Structures are given as C-alpha cells and as structure tokens.
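Below you'll find a set of structures to go through.
Note that chain A is present in both complexes that follow, paired respectively with chain B and with chain C.
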Partner chain A sequence: MAHIPEGVLSAPVLITGALVTTAAVAYAIRKLDYERLPQAAVLAACFFVASLVAVPAGPSSVHLLLNGLMGLMLGWLAVPALLVALLLQAVFFGFGGLLVLGVNCLNIALPALLSYYLVSPWLNKALLANNRRQLFMSGMVAGAIGVAGTGALVCLALVLTGPQYLAAGKIILVTYLPLLVVESLITGAIVGFVAKVAPELLQRQLPQPLVAEESHATN
Partner chain B sequence: MRQTNKCLLLGLLFSLSGICSMPVSAHLLKVFAWAEGNEIVGNAYFAGGIAAGGAHIKVFDGQHQLVAEVSPDSKGDFRIKVPGAADYSIVADTEDGHVAHWEIKTAEVAAPDVNPTAGVTSNVTHNAVTSGPAAVANSAIDKAALEQLVQTAVAKEVGPLRMELQRYADRLRLSDLLGGIGFIFGLTGGALWWRSRKQQQ
Partner chain C sequence: MTSFSLQHQALEPSWFAALDPRTRLLAAVFFTLSALCLSALWPLIALLALALLLTILLGCQWRLIIKRLLAFEGFMVLVVLFLPFTVAGKPWFAIAGMEASYQGVIQALVILLRGNAVVLALLALVGSMEPVKLGYALAGLGIPEKLVQLFMMTVRYIGVLFDEHQRLRTAMKARAFVAGSNWHTWRSYGHLLGMLLVRSMERAQRISGAMRCRGFNGKFHLLTPVKWHRRDTAVLTLAVLLFLLPLEWQWWQYGF
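So, the complex of A and B:
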C-alpha cells in the first residue's frame, strides 16, 4: 500500500510531492558519494524486488518496504535510489504511477532519512562497541521508523486529498501493524548480519547537522 | 574494491532470496467484469492470484452516476443487476488507497426489456401450436430474443475465459523483474563510468 495508485490524490498533493521530491533528489545528487553507488544500486534492487512478495493483510495486502534499512545504509543517497526503484516499479509492475511518483517517493524516502538521522549515531556506537544486541535493536528501530513513517505519510496524503479517506487511516493502521513487526525484525536481522560480514558498509554513515553538510558539499 | 565486491555479493544474495521466495502474490488490485444479459459478473483480485474479498465494488454508468454497490464474496466474485444497456465503469476499492477500474461497453449489455428465456419459451410453444401469419410475426420477435439468449450464453461461457486471459496478462513476468534490476545496475554503471571519465580528463 505504500504505492498510492494513479487518480486517487488531488492535484495540490501531487504537485507538492513532486516538488519536494525534486528538491530532495537534487540535494542528494549534489552531495553524491560515488563510492556508495554500488551499495545504493544493490539496495534499490532489493527494494524493487521486495515489493513483489506481498502477503494479504485485512482487506488489502502488504509487502516489505526496507526504507529504514536503506536510510541507515545510504543516508541521502536513499532518495535517488528509491526514486529509481519506484519509477521502475511503476513502469514494469504498474505499482503507483508516473504522476504520483513524487508523492510515493516522498512517502518512502522521508522515513528513510528520518531513520538515518535518528538511528545512525546509535548504530555507530553499537558498531564500535560491537554490541550485538544494540545492533539488532537499532536495526529494529530503523525498520519501525520506516514503516510507521510511511504509513503516516500515506494517511496524510490521502486525508489532504479528501475527508472521505479518513476511514483509510484505520485500515492502513490495521494492515501496517503486522508489517511493522515483521519489517523491524527483518531490518534488525539484516543490520546484525551486515555488521558481522561487512561492518564497513554501516560505519561510514555519520550524519552531520544539515548546515555543516551543506558547507561541506560546496567545498 | 574488495569492499565493493563484498557489497555486491551481499546484495545479490538478498535479491536472489527475494526472487526465490517470490510470487506468493503481487500487490496490485485488479478488477475484471463482463456482462451476462443485464447482469454484470466479475471478480476482484490482486495481480498474481489472491482474491480481494475485502474490496468494495461500485458500478457507475456513463454519466458517472452510482448504479450499484456490492461487496464481493470471499473469492472476490460479484454479480450485479444493471438497469439497461449503457456504458458501465466498475470500480474496486479496498478503501486504503488501492483502486482498480474496469469498463464495460454498451454493446455488451442487454436491454432490460428483453427477457431472453421467456422469449424463447414462447417461441417454442408458438411454433408447436400455431401456424400462419401470426407465427411469422412471432418468429420475428423471437429472433431478437433468441439472439439475446445466444449472446448471453456465449458471454457466460467466454467470460471466465476472458478473465483467465486478463489474469495471465496481469501476471508478473520474470523478464520485467530482471529488466528492472538490470536497469538499476546499468544506471549505476553509467554514473560510475561518467565519473571515471571526468576524473581522467
């Protein structure tokens, strides 16, 4: 359900989504770290494929999002990675659509950035201490932030479109709760696994305050 | 370099595990419907297989007026009587933002006043009992009724087949999947190549 289909949202919501996504992608590309591109491609491919494994939940069906994980591992690069993956999902699978691409990307990328800024410092501490439990926990929280954030943003986009979608909020809550549990467990397990086999993939992500990053990018 | 290899390997593992455990089902809500006489019969499902029993079905006519509203059974099947021949648009909605559409053209739907079964029964009795000019007039009316009956019967037989076809077309193809993954890696390769070219200059 993370993919809102074409023809549901109102024009102002669509335009806002497109504008914000464009700005975020432009910012992410400006401070692009080429060393992390292969990693971004791999995660984008995972995200692209993960949407196919959907399980029925309530009146709808849900699939893994992995946006919390992407935020943790990619930082800002998660935004263009998600945009590309969402575009391909729209073209190949018919999930979402080209007009709603901006809103859908925003709904998924913002929680990714949130988990990057909130969880990465904790994750780095856990990595340094090599604390398995803390690593797993930080992954879990990132996964939970990803799902909860996306659910909230999808609700927001629907409600901003029209009050008739208020009921949708309740349904999204019901379908997202089991997803939240599963996603946080899986993200925790993946973070634990990556920390064991390739800790350097997680280590480099030190989020700085936005202003500091800005001046760094212009240097 | 070593790190990049490691990360690629890791990702491939993830992707492969994804593909192997794949189509439990895809995620896209779909609806398909056809007309049987003056009834619309259809099915709501998620592309790839599972029925969308929890969806709400709404039928709109050509003027976007709501004609009927039903909930399908657990298999996603529904059957709706419509007032007459017109363009109909069927909308399935799981109320969480998933929406699917299907259109039925006027030509598919029978006019409401033609009752094919009654028409043919009378046809049979008339042919058996009467002869002369009355029978000729009757057979002209009955011809229309018969046509209607045949059309309905054929629609009944062909409808499920058409749905099978539609479902097959909706099914995810491996080529789409691999195409998407290839696109992502190709794009990355392109970006890396572009950078290396810039560095060389």
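So, the complex of A and C:
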C-alpha cells in the first residue's frame, strides 16, 4: 500500500519527488564505500524478501515495510538500498512505476532517515545498558515512525496533487493502522532478537570487522 | 522448495529478446510519459489497447499478468473511489445522499485507465527481462556505477535470501507453527526476520572478505556489455511514434 501507482500524482509532485530523491541518493552514494556495498545489498535483498511475507493482522494480512528498521541498521545507505528495492518492485511486480519512483522512494526513505536520527541514539544507550525493555521499545518506536511517516507522506503526495484526494488520503491513512500495530510489534521483536544474538549489527558508527579468513568459494 | 525468480516468464519473439535492454527500458519510459500526458477518455482507451497488444505480442502469460494487476488494483480502487463525490461538477447520480459528479466519474476512469495501461506496458516491456539485463541497461544509461553494483548484488542476494527464508519457514512448520493474529505469531515472525538479518550480515561479511581476497578495487566487469544496433534505433523510433498516436488524437480532437 505504500506504492502510489503511476498516473495519479500531478507533474509538480512527481518532479519534486524525483529531484529530492536524486539529491538524497547522490549524497548517500558518496558515503557508500566499497567496504559497505555488500552489506547494503544484502540488507536491501533481506528487506525485499521480508516485504513478500504476508503477516496476519486481524481478518486480513499486511506486508511489512520495515523502513524504520532499515534506517536503524543502514542510516543514510537506506536511501539507495530502498531505491533499488522499489525499482525491482515497480518493474517486476507492477507496484508503482518508473516516473513515480522518486516520490515513492521519498515516501519510504524519509521516515527511515527520521528513525535513524531519532531512535539510533536511544537504541545505542539501550544496547550499552543491555536493557531488554528499552531495546524493544526503541524498535517499536522505529517501526511506528516508519509506517506513520510513510502513511503521512503518501497522504501528503495525494493532497498536494489536488484537494479532491483528501477523502481517499484519509481512508488510506486508516488502512495503515493495522500495519502500524503489527509492524511496531514485529520491529520491536526484531530489535530485541538482534540485540541478543548480534548486538554489533545495531551499533552505529562501529567499524565492521572484515574477516578475510572466512571467505568461501560459495560466495 | 521453489526457487525464486523476479521476472515473469514470457515467450518473447526472438527479435524482441535480441534487443538492447536499454531500448525496452526507454520504450517503457516513453509509454509512461505519453500516458501521463493523456487526459481524454477515448485516447486513453486506445493507449490501454496498445498496452494489451504489447502483452500479447510479447508473449506474456495472462495468469501471471492478471495476478500482478490484481495486487495493485486495491490501492487504485481506494484512490479513485471517492473522486466522483469530491470533484465538483455537474451532478450525475447520488448514493446515500452524496452527489456524484459527471466530471468526477470521468476523472476516476481516466486514472484507472492510465494506471492499468502503464503497469501492463511496464510488465510487458521490462518485467519479463532478466534482472541482470536491467542492470546492464541502467549502467548503459549512465546511472552511477556504485548504484548499479548495489542493484546487481541486491538482485543476486534476493534469490539466496528467499531460499534462506523458506528454510526457516519450513523449520517453523516442522515445529507446528501456525500463523494467526496474536503476539506469539508476531514475535515469531520478528525472530524469523531477525535471524534472516543476522545471517544476511554474516553473509555480507563473507562476501566482503571474498571480494577483498580477489583484489576487488571498486570496479565490476559487466560480462556482456550492451550494444546499440541499428535495429534498436528503428524499434525505439517506431515504439515512440506508436505511443504518440493517442496523444495526437487527443490534440486534434480535444485540443489539449
């Protein structure tokens, strides 16, 4: 539901979205060194696969966005990673389109960055204190920021196109509510799990050790 | 266990499969542009017919196309459902005291037609292409190298991680896991995805190591560089002219 189809939005909205996304991706790409390329790619693939999973929520099911978590784990690199995942979804699954890609990327990447800036410091503190409750809570908030932010931005894009979309935007916001609940709970569980199993993945600005001895021919 | 493929299988004619991937991507962009410029009903129907013709001509399988169309129709219906009632204009009919305007219905139809035509054309032109070829097309169109490499590696690892995910799901099933709307399910999914993330990151570190020990210096070599032939120019010109036809019709008949 986070993908606005082609042909709905007006030209100014499309162009603004494309320009802002281009600028953000250009900035993030400058930061992406070749050391972290596999990491970003594998995480982008991981989030793509996670978005295919239908999670039961009440009478129907939802597909996770996980952009809040992606922001926590990748920071600025979440922007190009999301762009790639969204391009694949547009071209091969028909979600969104080529010209609306900029807006869709912005709608999903901006909340990811927001959760990175707002939640990461809190998460780091919780990791240091090894406080299970705080860890779960910070994950929950990151998930909630991701979904609520995306919902609000989708709505905003529609309303900026024309006031006649206000009613549709409100309905779409309501459809985000079950996702908001499920995603924040699941993100909380994910953060709790990762903090227990591999806490180094969540720590920000911690150099990732490159273990050359572990390289296998299967890669 | 089923292995995962992004692209849908199409029985493409050989001349089409031999085209430069950039031609297909650019044709899809031009189709989208033409669709966005159209706002009259009949030319849009012509464009949709053109998209249908493309899916048939390029040998797409209807079952797959319809499945993908249905998945996107949900949002589409939500977007246009209220347009008849919110667009001001000549009243046409009323439901539960809300008046629907003629202009609103037309606008809803226009958006439905536009969206469907674009998705059909995109799936037909690009959706049946191997993802790696799409990466070559992006590289050939001047997309920054790092972004293309990110794209290529993501495509590679989607298949691997999908299998990993299936394995974990099978393990859960073997332990009698049944999904429902409850905290147990959501926590279990959280742990499943968390495990997937942890394993992905371990894999990423192994890949980094493997790339390093093979002397990766920031340059990937594309195995088959894309090559622009004269037939690509011809096909692209023809396609653009074809996609412009409804636009010209709109221009002459409706004057905008």
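In this section, the second predicted complex is superposed on the first by the 184 of 219 C-alpha atoms of A that agree within 3 Å, B and C clash if a C-alpha of one lies under 4 Å from a C-alpha of the other, contacts with A are read in each partner's own complex, and residues count from 1 in each chain.
The rule we apply is simple: a contact is a pair of C-beta atoms (placed from the backbone, for glycine too) under 8 Å apart; a residue touches a chain by one contact, two chains touch by 3 or more.
The structure displayed is predicted, hence computed values, not measured ones.
Touch counts on chain A: comparing chain C and chain B, the chain ahead is C. Contact with neither chain B nor chain C is seen for A:Ala152 once the two complexes are overlaid on the shared chain. By the touch criterion defined above, A:Val53 reaches both chain B and chain C.
In the superposition on chain A, contact is made by A:Leu185 with chain C only, not with chain B. Contacts of A:Ala41 after superposition: both chain B and chain C are touched.
In the superposition on chain A, contact of A:Leu98 is made with chain C only, not with chain B.
In the overlay built on the shared chain, the residue A:Leu160 is in contact with neither chain B nor chain C. Of the two partner chains, neither chain B nor chain C is touched by A:Val20.
By the document's definition of touching, both partners, chain B and chain C, reach A:Val84. Comparing the two interfaces of chain A, the one with chain B and the one with chain C have residues 1, 3-5, 7-8, 34, 37-46, 48-50, 52-53, 55-56, 58, 84-85, 88, 91-95, 158, 165, 167-168, 171-172, 175, 190, 194, 197-198, 201 in common.
If you check the complex, the residues on chain A that touch chain B are 1, 3-5, 7-8, 34, 37-46, 48-56, 58-63, 84-85, 88-89, 91-95, 154, 158, 165, 167-168, 171-172, 175, 190, 194, 197-198, 200-201.
In the complex of the two chains, the chain A residues touching chain C come out as 1, 3-8, 11, 14, 25-26, 29, 32, 34-35, 37-46, 48-50, 52-53, 55-58, 64, 66, 73, 80-81, 83-85, 87-88, 90-95, 97-99, 158, 163-168, 171-172, 175, 182, 185-194, 197-198, 201, 208-217, 219. Residues of chain B touching chain A in their complex: 3-4, 6-8, 10-12, 14-15, 18-19, 21-29, 46-48, 50, 52-55, 94-99, 172, 176-177, 179-181, 183-185, 187-188, 191-192, 195.
Those residues of chain C lying in contact with chain A across their complex are 6-8, 28-29, 32-33, 35-36, 68-69, 71-72, 74-76, 78-83, 85-87, 104, 107, 111, 114-115, 118-119, 122-123, 126-127, 131, 134, 144, 146-147, 149-151, 153-158, 160-162, 165, 179-181, 183, 185-187, 189-191, 193-198, 200-201, 203-213, 216, 218.
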